[in-house]
Every structure is written in C-alpha cells, then in structure tokens.
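Next come two complexes, and both contain chain A; in the first it sits with chain B, in the second with chain C.
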Partner chain A sequence: MDIIHQGLLDIVGEGHISNQQEELFIYSWDLGTTEPHRPDYVVSPRTPQEISRILELANRHRIPVIPLGGGLSLAGLAVPFRGGIIIDLKRMDTIIEVNEQARYAVMECGVSMGQLTSYLERKFPMLTHSEPGAPPTATVAGNAAIHGQGDLAHPYGFNSDMVNGLEVVLPTGEICRFGACSIGAQWFTQHPLPDVGLFLGWTGTTGIITKISLRLFPCKNIRGTAMFVVDNEDYVPDIYHRISRTQMAEDIIAFSQTIPPYASGLQHFTINLAADSEKELEFKKELIFDDALGEYIRRGDGGYLGFTYGLQHPQISKTADWRKGGGFEYVGGIMPVSCYPQCYRRGKEISDRHDIPYTVLGRCIGAAHAMMFSWTYAFNRADPESVRHAREAMHETDELALELGGAIWKPGLYGQRLVMSRLNPNTLNLMKKIKKLLDPNGIMNPGHWEES
Partner chain B sequence: MYELNFDVQKCLHCPTHACLTRCQHMDIDRDTAGREILKIAAGEDSFVLHDCLTCYACEEYCPMGNHPFYLIVKRQEELNVQPLPRPLIQRGINIGKPFRGEPKINKVNGRALLMGAFADHMFLIQGRLFEGLPVISDDPRKMFHYFCQLMYLHYARISVINERLPGVIETITRHNVTEAICFHDECYGTYTSYCPSMGIEVPFRTVHFFEFLYNRLVELRNLIRPVNLRVAYQRPCSSRLSPGKLRFVYDIFKLIGAEAVQRKYVGRNALCCGGIIEGQRREGSRKRASEIQGLNISDMKDAGAEVCVFNCPACYHTLAHLVEKEGIRPIFMSDLCRLAIGEQPAGWR
Partner chain C sequence: MGLSDFKYGDIIHRCFRCGYCKFPANWMDVNNCPAYARYRMETYSCGGRLWLTRAWLMNEIKWTDHLAHILYSCTACKNCELKCPMGFNVDILNMLRAAKGEMVEQGKIPVEARDFLQNIQIHGNPYGKPASRRGDWMGDTQMDKYEGQEYLYYVGCVGSYDTRAQEAAKKLGLLLKRFRVSFGVLGKDEKCDGNEVNNMGEEALFEMLAQDNIALFNRLGVKKIITLSPHSYNAFKNNYPSYGGNFEVIHYTQLLQRLFEGGDLNPAEKTEFRVTYHDPCFLGRWNAEYEAPRKVINSIPGATLVEMERNKENSLCCGGGGGNFCMDLLGGSPDSPARRRVREALETGADTLAVACPKCLTILEDAVKVESLDDKLMVKDIAEIAGEACGIV
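This part shows the complex of A and B:
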C-alpha cells in the first residue's frame, strides 16, 4: 500500500477509501460529453476535520483534490483532469437544524435536494426550498457551488442568493465559517459582515463547503402548474414580464423542443402557482391569465392550457431518450430575458447543423432580471461521432451565449476559457491572486478557472 | 374527399330544432334555431359558430340523426372561425402525430380491446374482467397510430380527422380484428357515428366499453358483492355520439349495487368536464369552464354522491382533483367494476 493510500485510510477508516480500478472507472466519468479521467483515490469522509486532514495530506504530496457532491453538474466540473483524490461528500448528509421561525435549514454539504424536500414535507410542511430540476441526488452544497437555481428562482433568485452562512475547509486545511454563524450567532443571515464571497461559483477550486445554511420559504397548501402556449418566440419576453409583474408566480419557465411533436415550433410556459385556498388560487389565475395574458388569448395568439395540481420538476433528462444511447448535456446561459427569441432561433440553427433534435428552455430568475436559458444536446454514448457533434454544438453555444450578451452558467473548461478571455484583466488578476492565496499549491480541482 | 351527410330537408321539416333550442350554453328560441341552422347548412356565418362551446351535445339532441355538430365544426373550419387560440390548435394537431416508430402488429384474429390513444391507461386493464382479452394499442410510445382523431372536432379541424382517420383504420385492420371493444367513448363514436356520417368505411365491428364491462360482470355474477356506494357518473362529451349506450352505465350500477344519485345535470342535461372550454378564445372562457365545473360538482355533492365515476381520462385529469376536494372519490368505471368483484382497483385514490 502506498503512503498516500495509507494516509487516507488512517483519516477516513476502512470502507471509506478505494483505489480499486472498477470504482475509479466509475468516478472518472460524468454524465456529459467530457472525456473521462481516472482519479487515483476516492475517499468518503464524514467530518470537516477529516476533510481538513485530507487536504493537509494532499498539500504535502501536491496531489489534486476534487470535491464531488451528486456529480450531476455535467460539463466535467468534477472530472479529475489531473488524477488525484476525489472527495465524495455524500456521507456528510445530516440535516442539522431547521429553524421554523427564521426559516432556514443548516445542513451538511452532502444533503441531497430530494432528502431536504422529503424532510420538509414530513416535518415542516409549512416550509419549502428552491428545488432545482436536477435529479434529486444533487447536493445542496454542489448546487450552491455552481450558482444553481430552483423552482423559487422567480421570486427569490439563484440558490446561491439564499445562502445564510457557510462552513468551509480551506485548501490549506483551516476550517472557517462565514455569515452570522461565524460570530457565534444563529445561521440566519450572511449579512452584514464584510463580504468574503470566495466559494460560490468557484466550482470547488477555493475550498470545500462542509456546512451550509439555506433560506427556506413558506410552502402553501396548494401548489401546481398552469400552462400557456404561444406560437411566436418574439412574444416570450413580454409574457415573462407580464407574469412577473403580477408577482403571483413561483416559477416561470418557457420551453420548446422538437420532440414530442406537440412542443415543436411552439413556446410553452409552465407557471407554478401556490395558494393557501382555492380562493387565493383563483385570484392568482385571474390576475395572470385573464388580466395579464387575456389580450393574447383574445387575439388568438396565446392559449391557456389549464392548471394541474401538484408540482412536476422539469423533465429535461427525458431529452436523453431522443437519441439512442441515452446521453445529453446542456449549455446554460444566464441571459437577459429579452434575448429569448435569438437564443431560441440561433440554438435551433446549431441543433439543425449537428442533426440533433433541438431542446431549449428559459427559466425566469428574479423579477425577469435574467433567465437561465439551456440549450440541450442529446447524443449516443456508444457513437463517438454523435458525441463529437454534441460537444461541438456545446462549444458553439458557449460562444453564442457570450455573443448575445449573457454569461455562461457552470461552464466546462472550454467555456471557462472563453469567459476568461473576455474578463476584465484586473478582475482576472484578482481572481488569480485569490486563488494563489487560498490554494498556494494549486491542488483544488485543477484545470478549472485556469488559463491554458 | 369525404362529404358530411347532412340533410337540410330534415331541418326544414323539423318540428323542434332541438339541436340549438336545447343547447345548454346558448339561449336560442325555436325560430332563431331554425333560421341559424339553415344558414349554417347553406354555408353562411352564424353567431352559433362563434358561441359554440363544442360540447358535442347537439349531436344527441337532434332527433333525426342529422349531425348538426359535425356541420357546425365543418363550417367553423371553412369560415375560419377558430374556437381556440391559434397555438392551441397547432399544438393539438401536433399531439396526434406518431413519432416513435411503427407499431408492432399482433394478429388477433377476433375481438380485441382497442385502447386508442390511451395506452398509458393500461394500468386499468387488469384482473378477471379482462382475462384473455387481446389488446390493441398497449404501448404508449406507439399509441398515436391508433388515435381516432375525433378530438379535432374541438379544434374546428374536420380536415385533419378526414386526412388521418383512414390510415388509423387501416392500422387497426392490420391486426385482423373482427370486433373492437373501444375503451374510450371517442373511439366508439368515431367508428359508429362519425365514420358513417362521412362515408368512411370501417371494416370491423365495434363494441362499447360499458357494454363489454356489463356482459363480463354478468358472466362473473357469482363474484359480485354490492359496492353500496352512492355514485355520480361524469359523462364525457363524446358519449353524445352514442347516447344509446348510456343505459349500460345504469345497468352496471344496478348490477353491482351502486346507487346512482338523483341529479340535475344528468343524462341529456349532463355537464361536460370543461377541460376544452377553459382554453377557448372567447372572453371569459376560463371562468366559464370553472363555473360549469362548480355547478357540476356541487350538483354531485348536493345529491349525496360519495364517488364520481369516470371513463374518459381527459375528464378524470380535469375533474378528479376538484371532486376529491369536495370529499367525493374519483374512480374509473372499470375500477368500480373490479371493486365489485373483490379486486383492488388500480387507480383508487
């Protein structure tokens, strides 16, 4: 047994470390088009102290460390490009506290979105969180680490805007806290302490989040989805604005896709509504569909498709099924909502060029302050040519997102380099300094946010 | 090119003009009704074309079997009177397009249950009632090859029905089916009412699902234990095309010990689920649908119904939650029958 293996074993104990080839093989892939890279070890720690010791060991041996939550971010964000130690955080899955009055939950980093949802449903049915459309094993910290967004994005913004406090193990092993919790108070607010926003959006390159406090929100008795449809993409920004203006919707998503045929060429909206009574629900429907959108209906330009009780998460993964071989990956752009028509048309052109059925979706973030627009590309994992097409389509889309004046959300290496090539040079310099300061040996998730 | 068999002479000699005077959604006297139906028959515009909620009921009201509803829809299409907003029509038309390869054709050489575009409701087809019965269209990925298309009556698109239906009939025929038991009223109405009215040939016999269920229950009579439930039946719009089969609903209830509650909105006066109305273009359609639903459900409730019985999955989708909120349990007819023979219903919630 080599010295690193022995060191890791001493820290996490038997059963929580592996360098078995079959396990390393599994950890070398993610779901998307990124080429696989094998790690040297996989460990599954239980405490921040264990993580701290792992990082000290990794620094001593200058070996890369890659934090891994649910591994669902696609784009190769947790693929070990230079080998090293994958720290699988799923064992750190305790929901430590739910504060009903101040509406927040303090959790270990490996708590999954599905776990939090079912916990709240069972124990705190009056509270909910902003659940992303990702498979339920996505972790709360992994999501915040990439600025994810969920089904309360319209009223409340990015999930990383909902962070009240963090516990982070720095690359050099120190355990720090941020937010009110750092002065011993409760985990109920991030402000008003000096801003040290060094960990959200850094894809695990500046430290490992071990605890997170996330805001929770009132959960109404009735939740469900209404649908609206138009046949002209140019209407979409106006519709986002009209619905948003009513301040009545929890989530507003527009989508269009080749398959199934009913969705092709049309722009469907799913609009989540919540109410404590039928009376409240009817009031909201009236404001949105009779008042805000009534003009579209009367002109014959827009159609109301009814309201379904109960929430369904966007089933983007079904797209994987449109091609034999079950692969899909998407580029997400954080875009001005006014760009929806160009995002749709240009995305469709890219899909057509690569002979991939087009699938696009725009989720409204904040009061139409932005949207997360995703361009999804299906591919056949068993066919390298099809994977190549999807990868090229993704690269073209990364460029498109920037060209249209947006920012790429959770970019892969290609997108990160594009972003860095356009970054204000002083900002880029600051980022490099911060990275150097926090991670002097460059062990954290290497490859990411580095110039080539 | 198919032509609707509509006989103006019948209208000229019609004593009632019941097609329009009985309409629950427009207030039309006899003279106006006579004048408007003749205008429509002559290819002219009429307020009826604009105000019709496409509830199908006039097909049942006409005592002469003269297909006034098909006529209305045909004229709406010709005169471009769109009951629904344009995107809903395009969406609807696209829904019926098969997109996941060709279906597998199993030769049944006899009778079979035809699920049409409801293969995703195969979970209902379980237990002794269906033992040994071959099924056509049991794969949700292929079900649109069996879609009867009649839904497009709501969309003012007779042309789409006529263009696609012969292909659908051919696909069903390739199964070598002699007798198709239609799971849904809409399929049954297509083959027994719409096709004859258009001169479209149907080379197999059809049996209504309720007639089949009734006959099976009679065969399994020994297993029946009275369900002792007070029930209301939600009549779907397409059952207006086969009003003669409505009696099987009540025959089944009688056989299984379900008491049909005394209601105002029942039989010919039944109210539809409102699902299609809420999306219509006319100002106030969403509210109107919700009012119709409210009237319908409070009528069930006032009559003391414990259970609301559905056959149409679309009605179920639209109303199940709403009836449930009023303390009435929604159930599919086949599930109610299964309950009566001591089986656990699949969709009982």
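This part shows the complex of A and C:
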C-alpha cells in the first residue's frame, strides 16, 4: 500500500477510502458533458478534523483535493482534472440545530436539500428554505458554494445570500469560523463580522465548508402555484416587473420548451403564492392577476391558467431522458431580466442548430434585479455525436450569455476562461493572490479559475 | 458478452444518476437504499451500479471481486424502482438481475454467492444443511403431511433451518391448527422456492427449482398455498405462473387478517405492549400488501401499533434480500441497514419490533443484539405475537 493510501486510511478508517477501479471510475464522471478524469483516491470523512488532516497530508504530498457534495453541478465542477483525492462530503449529514425564533438552521456540509426540506416539513412546519429545482441529493453547502438559487429567490435572492455563518477547513488545514459563530455566539448572523464571500463562488478552491448556517423563512399554511401564459416573449420582462412590484409572489419563473408540444413557442409563468388563509390567497391572486396583469388578460395577450394547491417538487431530472439518453446540461446565465426575449430567441437558434429540443427558463432573482436564465441541452449518453453537439451548444451559449451582458453562473472550465479573459485585470490579479495565499501549494480543485 | 448482446443494452445508459433512488418519498433520509446506507460511496447506489455495469459491458472497466461485491450487495428491495422519476424505472432491477446473470454465466460471482447457490443446488437450501432435516422446525409438534388439504403451508428455507425462524414457523403451524385451518406441510420434501436465486441472476437454477416445485405441487394436488416468507409468496405468485405453476398464494398475515376479523381472540392474559412494524420488501414494495399485517397487529388485545417514520413503500430494507441474509455483504458496521433499522424502531418508543418475514426476523434480531438493545426491544414475527395472544406458548 502506498504512503498516501496508508495515510488516508489512518485518517478515515477502513471502508471510507478507496483506490479501486470502481470508485475511481464512478467519481471520474460528472453528469453533464465534461470528459471524465480519474481521481487517485476517494475518501468519505466524517468530521472537520478528519478533513483537516487530509488537507495536511495532501499539502505534504502536493496532491490535489476535490471537495464533492451531491456532484450535481452538471458543469464538471468536481471532476478531478489533475487526479488527486476526491472528498465525498455526504457522510457529514447531521442537522445540528434549527433555531425557530431566529429562523436559521445549522448543519454539516453533507446535508442534502431533500433532507433539510423533509426535516422542516416534519419538525418545523412553520419554517421553510429556498429549495432549488435540483434533485434532493444536492447538498445545502454545495449549493451555497456555487451561488445557487431556489424557490424563494424572488423575495430573498441567491441561496448564498442566506448564509449566516460558515465553518471552513482552509486548504492548509486550519479550521475557521465566520459570522457570529466565530465569536462563540449563536449562528444567527453573518454580519458585521469578516465576510464569508471568500468561500462562496470559488468552486471549492479556497477551502472546504464543513458547517453552514442557513436562513429559514416563514412557511405559510397554503402554498401553491399559479400559471400564466403569453405568446410573445417581448412581454416577459414587463410581466416580471409587474408581478415583482406587488411583492406577493414567492417565486416567479418563465419558461418555454419544445416538449410538450403545447408549450412550444409560448411563454408560461409559474408563480408561487403562499398565504395563511384563503382570504389572503384571494387577495394576492387579485393583486397579481386582476390588477398587475389584468391589462394583458383584457387585451387577450395573456391567460390565467389557474392555481394548483401544494408545491410540486420539480423533477427536472426527467429532462435527461428526453433523448432517451440519460443526459442534459445547462448554461445558467445571471442576466438582466430585460434580456429575456433575446435569451429566448438566440437560445432557440442554438438548439435548432444542434438539433436539440429547446428548453429555456428564467427565474426572477430579487425584485427583478436579475434572473437566472437557463439554456438546457439534452443529450444521449450512448451517442458521442449527441454529447458533442450538447457540449458545443453549451460553449456557444456561454459566449452568448456574456455577449448579452450577463454573467455565467457556475461556469465550467470553458466558461471560466471566457470570464477570465474579460475580467478586470486587477480583479483577476487579486483572485490569483488570494488563491496563492490560502492555497500555497495549489492543491484545491486545480484547473478551476486558472488561465490556460 | 458486450453491451450489444445485453438484454437491456438499449436502456442502461439512461440512468442520469440524479439520486432520487436513494430516498424515501418524503426525502427524510438519503439512506433508503440499503447498500448505499451501508457503504456511502456512489458506487453502491443504484445509479452507481447501473453505470458500472454499463462500463463493464463496454470493457471500460474489468471484472473484479469488488465489482461483483457491489452488484451482489443490492438486496432487490425495489426502493429505487419506486422512487426513480424516469420512464425506464420498471426495468432497474431487471437490468441488475441481468448483470448478475452475466456474472453467473462467466462464473465470476462473489464466493459467498457461489456457496449460496451451490448449497441450493446440492441440498435445496442455502445453508448447506441436509435436506433430510428440513422438517426439524416442527420439533415435537404434530403437523400433518400435505395430502390434499385445503392449503399447503410452505415454510421456506429460513423458517425450516434457522433456529430463530423455526420458532416462528412452528408458531404459525400451531396457530393454523388452533383456527382449524385445513393444511398440510411438506417436511423434508420441501425445496427452496428460488426467489433469491432468481434475484441473484441464476436463471437456470431458478427455472429448475420452479419446475421441480411446480411438478411436486401438481402431483400432490396443491391448489392453495400459505407462505411464511414473503419471498416465497413473491416467487409463487409472480414468477411461477410463467413456468405453468398457477396456485392461489396467500401470505400468512393475509390469512390471519381474515381469521381474526371476527375479533374472537381471547388471550388468557392481556398484556399491554407497544409494537412497531417493519414492512418486508417482498410483501410491501413488491406486492403492495401493507394493510394485512397492520390489521393483524391492531386486532391483538393490548397491542398499540406505532409507526416508524419510514414505513410502507418508504420502509428501509433490513438488508437481507438478494441472498444477503446468508451472504451478509451488508453486515459488519453500525451503518448496516439492519442496525440502522433497529435504532429507528427504538426511537418510536416501541418495546416490540414486529416482522412478517423470517429473514427480517433473524437479521433484525441479530442487529438488536449487536446494538445491545436486547433489554429494550424484542423482535418478533407476527405469527409469534398472534400465537401468544392465542395462548400458544
């Protein structure tokens, strides 16, 4: 047994380390179009102390370390491009505390979105969190680490805006805390203590989050989804603004897709509403559909399609089977909402060019401050040509997002390079200095945010 | 064999590995796949197994003991099929069974699986015990040989040989007698039902067992079968018809439900107890029978049924299916599904963990011992609980 294997075994114990071909194969793959790269080891630690020791060992041997949550980024963000040690964080899955009064939850980094949703539904039904449309295996920490957004994005913004505090193991092994918890207080606020931004959006290159405190929000008795439709994409920005102005919606999503055929060419909205009584619900519906959008309905340009009680957990994974092929990937652009029509039209063109059924979606973030616009490309994993088309479409879309004045959310390597080529040189320099300072041996998720 | 010859070669790539298959429906725990719960590596999840199978069939990885271990650690509990949102979900276990079948064809299966299958081939049971001792479970009680009675009481391998499960098998026999059910047993002429053999991919051996059993049952004029084990129930009900064996099959809890409907259970002494029920996969998820066992428990004077959070189609498998009650590929850790399950049972405040399957009975009782919960939690088969309620000691 080699010295690194022995060292890791001493740290995590039998059964929680592997360098066998099966684990190396599975952990080499992302679910999207990124080419696989084999790690040298896979470990699944249980404590921050174990992670700290793994990082010390990795520094001694100058071997890369890649933190992995649910592995659902689709953009290849946890693919071990230079081999090394994959740290599968999902065994660290304890929900440590829910503070009902101050409305936050503290949990270990491997807690999944599904686990948190279910825990709150069963034990704290008056509280909820901003759940992304990702499969329930996505981790809360992994999602915050890449600035994810969920179904409360409209009132409260990105999920990373909801972080109250973090425990992080630095690349050199020190365990640090940020936010009120760093002075031994409760985990109820991030401000005004040193910022956690150093660890959010850095694709695991600046440290490994081991605990996270996330803000929770009141969960009303009635939650459900109203649907609205228009046949002209040019109306969408105005509709976002009108709904947003009422401040009555929890989530506003506009989408259009080839499948099912009735949706093709139309712009559907799902608008999540929540209320403590039918009276409150009726009031909200009136404000949105009679007052804010009434003009569209009266003109015959828009239609209210009804309200469904209960929030459906979206099963977007089904998109992966559209080509009977087990794969899809999307570019998520953080775009000005005014760009919706161009995003839609240009995205459709890219899809058509690559013969992929088009699927686009824009989720309103904040009071129409931005939208996360996703261009989704399904592919057939068994057909290399279809994978190639999806990959090329992704690259074209990365360029489109920037061309239209947006930023690429969770960019893969291709997108990262595009971003860096346009980045303010002083900012880029600062990023390099920060990485060098925190990670002197360059062991953390190498390949990411590096110039080629 | 390459991917093109594999029966499911045209769909196996369709798994996206989104991971819904790891959860119960309410997402409360990512550990509802027993093998994933035990090992917590992606390879041991359902998606991991499908991707590895495809890679093996495409020669991207080679066969190893570890690969075989990963595939055979699947207990065929069916949680994945019921939770996967994709259109091909009905074929997930078929794909895994076919993959194991391919390993069988190549003679490359875990040594534990090889011993299991060889013992069945030679002795008719996975333990390698003599066929002549198959009737030992009856002890000194008198059970009539099957000679055209209304029901054949089919005990199965675990109830016949495992000393703990024998008690349940005996209790059920006595209970049937008490209720004057017309039944007979096969004793040493009984043979393995083959449910596990089938799920372990040994199609030829399963076919042989099915044909032998069907021939025997037909020769004896069997029309109706009561099974102790949900595994036998599943094989007789769902697989034997395709080999020409058409019998009216009933799991014993379904019969007890009918017998107890009159509510004339009069225990000598009524004791109060809190009981939680563990759904066996082959009765629950495989055959959607969730109510009969609960109705039986509820009809027992003094019993208060409390549910574990994961129940019915969201139940966590004990880890015994697919031959694992014998091969034990999922044992040896606090993360073993059986140990997780008894801790969950304890959380309900129950003093009794009721089961309706001899495999669950033996595995969960062992787990209670390893967890040192003997003084807090008793594992009992519903046949035993019902028997005691009827004063059968």
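Throughout what follows, the second predicted complex is superposed on the first by the 447 of 452 C-alpha atoms of A that agree within 3 Å, B and C clash if a C-alpha of one lies under 4 Å from a C-alpha of the other, contacts with A are read in each partner's own complex, and residues count from 1 in each chain.
The definition used in the following text is that a residue touches a chain if its C-beta (ideal position, glycine included) is under 8 Å from a C-beta of that chain, and two chains touch if they have at least 3 such contacts.
All values derive from a computational prediction rather than experimental measurement.
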Overlay on chain A: chain C relative to chain B, clash or fit: fit
Chain touching more of chain A, residue-wise (chain B, chain C): C
Partner chain in contact with A:C176 - chain B first, chain C second, else both or neither: neither
First (chain B), second (chain C), both or neither touched by A:V229: first
Touched partner set for A:I95, first chain B, second chain C, both or neither: neither
First (chain B), second (chain C), both or neither touched by A:Y262: first
First, second, both or neither for A:L31, with chain B first and chain C second: second
Touched partner set for A:L305, first chain B, second chain C, both or neither: first
Which superposed partner A:F289 touches (first chain B, second chain C, both, neither): first
Touching partner for A:S18 - first (chain B), second (chain C), both, neither: second
First (chain B), second (chain C), both or neither touched by A:I297: first
Superposed arrangement, angle subtended at the Cα centre of chain A by chain B and chain C, nearest 10 degrees: 70
Closest Cα approach, chain C to chain B, once both complexes are overlaid on chain A (Å): 10
Overlapping contact positions on chain A, where the chain C interface meets the chain B interface: none
Chain A partner contacts - residues on chain B that touch it in the complex: 82, 84-88, 90-92, 94-95, 97, 99, 275, 278-279, 281, 283-287, 290, 317-318, 321, 325
Of chain C, residues touching chain A in the complex: 11, 13-20, 22-23, 26-30, 39-43, 48, 51-52, 55, 60-62, 64, 66-67, 70, 85-88, 309, 333
Contact set on chain A toward chain C in their complex: 15-16, 18, 20-23, 25-27, 29, 31, 42, 44, 70-72, 88, 90-91, 93, 112, 114-115, 117-119, 121-122, 135-137, 315, 317-318, 320-321, 324-328, 380-382
Chain A - residues contacting chain B, complex: 229-231, 259-266, 278, 282, 285-286, 289-290, 294, 296-306, 308-309
